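Here it is: the structure, laid out below.
When the chains are written out, they are named A, B and C in that same order, and each has its own residue count from 1.
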Amino acid sequence: MVARLAGGVALLGGLVLLAAALLTVVSVLLRWLTGQPVRGDFELVSIGAGLAVLCTLAHGSATRANILVDTFTQWLPRRATGALDAFWTLAWAVVLLVIAERMAQGAYETWANNMRTIGLLALPFWWAVGVGALCFALAGVISLVWLPRLFRGER
Amino acid sequence: MAPEFALAATGFAALMGLIVLRAPIALALLLVGAAGYVHVLDAAALMNYLKTTPYHLFANYTLSIIPVFILMGALAERGGLARDLFAAANALLGRRPGGLAMSVIGASAAFGAVCGSSVATTATFGRAALPELLRHGTAPGFATGTIAAGGTLGILIPPSVILVVYAISTEQNVAKLFMAALIPGLLATLSYLAVIWLRMRLNPGLGPPAPPLDAAERRAAFRRVVPVLGIAVLVVGGLYGGVFTPTESAAVGCIAVLAVGLARRSLPVREIRAAILAAAETTAMIFAILLGAEIFNAFLALTQAPDLLGLWVSEQGFAPYAVLAVLLLAYLVLGAVMDELAMILLTLPIFFPVVTALDFGMTTEETAIWFGILVLVVVGIGLTSPPIGLNVFVISAIARNVPILDTYRGVLPYVGADLVRLLLCVAFPGLSLWLVRLLT
Amino acid sequence: QEVTLRLHHFLPAVSNVHRHFLQPWAQKVQQESNNRIRIQIFPAMQLGGAPPQLYDQARDGVADIIWTLPGNTPGRFPSIEVIELPFVAHKRASVNARVVQQLHDEVFASEFQDTRILCAWAHDAGVIHARRAVNRMEDMAGLKLRFPTRQAGEALRALGAAPIGMPIPQVPEALAQGVIDGAVVPWEVVPAIRLHETLRNHTQFAGSPTFYTASFVLAMNRAKYDALPADLRAVVDANSGQAAATMAARVWDEQGPSVETMVRRRPNNSIVELDEAETRRWATATQPVIDAWVRAMGERNIQGGALLERARALIAQYGQGVA
């Protein structure tokens, strides 16, 4: 269930990324035709791509898309490597949840300090930091969901 | 040893320890970086650092090129563009001995112009070409080894995620690095073709030619490949011609691939979904490592070891090429046992100041670009060399009944060609810099 | 008791500001404290993060001292923007620095109260560097120019240009790829980004007030400052305020003219100085930017009009006789 939610979020992120790419193309065309790019394209693409990347994190946790080196632990019994993997997954979940809490605080301060993007639009971006906090939190929860399966030796 | 170096060395040792114990690389970087950060400053500083750093790292205009290139590659694969490339290469090269293997190399090189990742290129041809090769009797290890080597063309031919990361961590111009990579990339393609030709001379049984095509089939194959070649020309030409910035070229390429797929009806919603999800997995993996490296490198900077080492090396009066040789050797060793992205993110803060402090008889910028290409070549070698060659892992995951040792054996001659190319690129910086000087 | 302070900023170690202000300033503090204060400088965002985060890094103690542009965090420090409005600033950094530091002490210190501002200043006259010649206002139409602060961006818009905001380090790449036709920056930073090689036409303005300037602050973590023993705090104080602002301004006033001379000697570069009548046309065209700013300040309960008047009075006072 949570994994499907992560897939949905990743799809949403992909659409945001495509929208940012489309905006860039429109801006290039406009610059070529009229000499004026889309107002604030730089800021919009930065935020859009940032959101898209944040949206992939939970899906990455759900598919366990991380690079690890198993060359040195291949001789261990399956249960032992399973326990190691479970331990690191727990650590990863804790890290993700800590970052989520920190980003929530960051979102609040970005809002309280009235922080805006550099550029003509001067967009407030506290909400994007907040979305990031949610994405990290979801990724952390999904890693926790993996724990019991890893202990049972599933991969 | 100065305390700065002791601290940095402890950090590296701890990092290696965690990696040996199966910690995911992104997590190992984060944990050791965070611990070091707290050791030099304090926990409160780390907690404050984490408030907005991940957001600003991810919402960085220059980095936005990476997810877009990855999505472009995924859409190109799902839209059948890789299969079209393979078919066209086959129509061109297939009839000679080893023709199918040569077609993989040719198609991988062309695919490299619309895809920035070697893992994605390997996976793509693992699905699009491997069944074809095996069905027509190519030796399994030769087939998988060729696809793994061809996969490195995904980064050796620009655009290249590794070069984007290099450009960002060393503050160099991405477009110039892409220009510098072109001739060495083409050289890699030719050398891989030469490896196949040579192996066919020695053992023709390894790779029988493809079944012959009639003229109409050949024409059809060439016709279908026009759009993807057009996109490659648009992306690379627009970038080199100064029409687009690198970020813009990625966006234009991504939208063009999508448009071609939609127009041909080869990209139904189901395939677009699959492409986005596949791209999301790779993107999450890369950015997790980028975040870990950001924190680890902040810790490294706090120790001041990188600057001091650069200063120390430049004061010793070592011969520049001797230092370069040591660094490249270190990369070959590290590349054999480590993830390549993490490798360059970790080493550049230390190696880059050292290299740019040396006098190779060119400007600092040229030295930086040239070194970037050398790093790219060694990364390519690392991706295919045992015990940890990511491309070999990827193809082994697809070809489950080909023993991984056979794949390593199949890839070895290509690694030999890589080493020769590395020497050539070191000896003749012009291979990397000529096009840059011409176009800027 | 010894104290180590980490100073974090965004320009590379080869930049004028790093070599001619931050390093000498740090050395001065170190010497006057008999080496009891050590200042480690981390250039080029080495400690991580992006330039807009620098101020918060000082506030939160991620770094002890930071150098930043309030323009990196638009809207957060509204009052200091008064000096960045079109045709308000003096052409010399020494004057602008005194004005900004004094306005900070008198008027808007409260906007920066979550750090200890060691000094606040602004650079000298900004210059338009472009691919094609800008001899009159009409030449600005459609010109894609990189702008440094939001107010300068609005001014460029009002003049008909197509302004694009980006940090300084991205300018050479954007120029090479035709994303921009030029940039507005002071002379001081021209060699660092090799603008004199890529752009041949340079347009500056007669006298003062000049087209624009950008403001800067050197900010210190408050707790770290408060925790200094009294004698060390006195050393930092002696290297703060007007004394430090003046020292900073010297980088622009000394490097600027020598860069200008160097560019003037190059055979293919041309420097145009707009006369007073033409400059007045530009000032008139950009007046709406000032009006809009005063209105926006009003919405935030800041007396923009009074602040502007005070700024202009101080510039007139300190600028008297400064050519």
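In the analysis below, a contact is a pair of C-beta atoms (placed from the backbone, for glycine too) under 8 Å apart; a residue touches a chain by one contact, two chains touch by 3 or more.
Protein names from UniProt, one per chain: A = TRAP transporter small permease protein; B = TRAP transporter large permease protein.
Predicted model only: the values in this text are computed from it and were never measured.
Chemist: Computing the C-alpha centre of each chain, which chain sits at the greatest distance from chain B?
Modeler: Greatest centre separation from chain B goes to chain C.
Chemist: Between what two chains do the most C-beta pairs come into contact?
Modeler: A-B
Chemist: What's the distance between the Cα centroids of chain B and chain C, rounded to whole Å?
Modeler: 40
Chemist: Can you compute the centre-to-centre distance for chain A and chain B, using the mean CA position of each chain? Integer Å is fine.
Modeler: 22
Chemist: Which integer distance in Å separates the CA centroid of chain A from that of chain C?
Modeler: Whole-Å distance between the two chain centres: 35.
Chemist: Would you pick out the residues of chain B that each touch at least 2 other chains?
Modeler: Answer for chain B, listing residues that touch two or more other chains: 51-52, 60, 244.
Chemist: Two or more other chains in contact with one residue: find those residues in chain A.
Modeler: In chain A, 42, 109 touch at least two other chains.
Chemist: Which residues of chain C are in contact with two or more other chains?
Modeler: If we look for residues of chain C contacting two or more partner chains, we find 52, 56.
Chemist: Which part of chain C faces chain B closely enough to touch in the complex?
Modeler: Residues 6, 12, 40, 42, 44, 46-50, 52-53, 56-57, 60-62, 169-170, 172-174, 176-179 of chain C touch chain B in their complex.
Chemist: For the complex, give me every residue of chain C touching chain A.
Modeler: Touching chain A from chain C are residues 52, 56, 71-76, 142, 144, 150, 153-154, 157, 162-167.
Chemist: What residues on chain B touch chain C, complex-wise?
Modeler: By the definition above, chain B touches chain C via 41-42, 44-45, 48-49, 51-53, 56-57, 60, 62, 171, 173-176, 242-245, 294-295, 297-298, 301-302, 304, 440.
Chemist: Which of the residues in chain A come into contact with chain B in the complex?
Modeler: Listed in rising order, the residues of chain A that touch chain B are 7, 10-11, 13-15, 17-18, 20-22, 24-25, 27-28, 42, 45-57, 59-61, 63, 65-73, 81, 84-85, 88, 91-92, 95, 98-99, 102-103, 105-106, 109-110, 125, 128-129, 132, 136.
Chemist: Sort out for me which residues of chain A touch chain C in the complex.
Modeler: 31, 35-37, 42-43, 109, 113-120, 122
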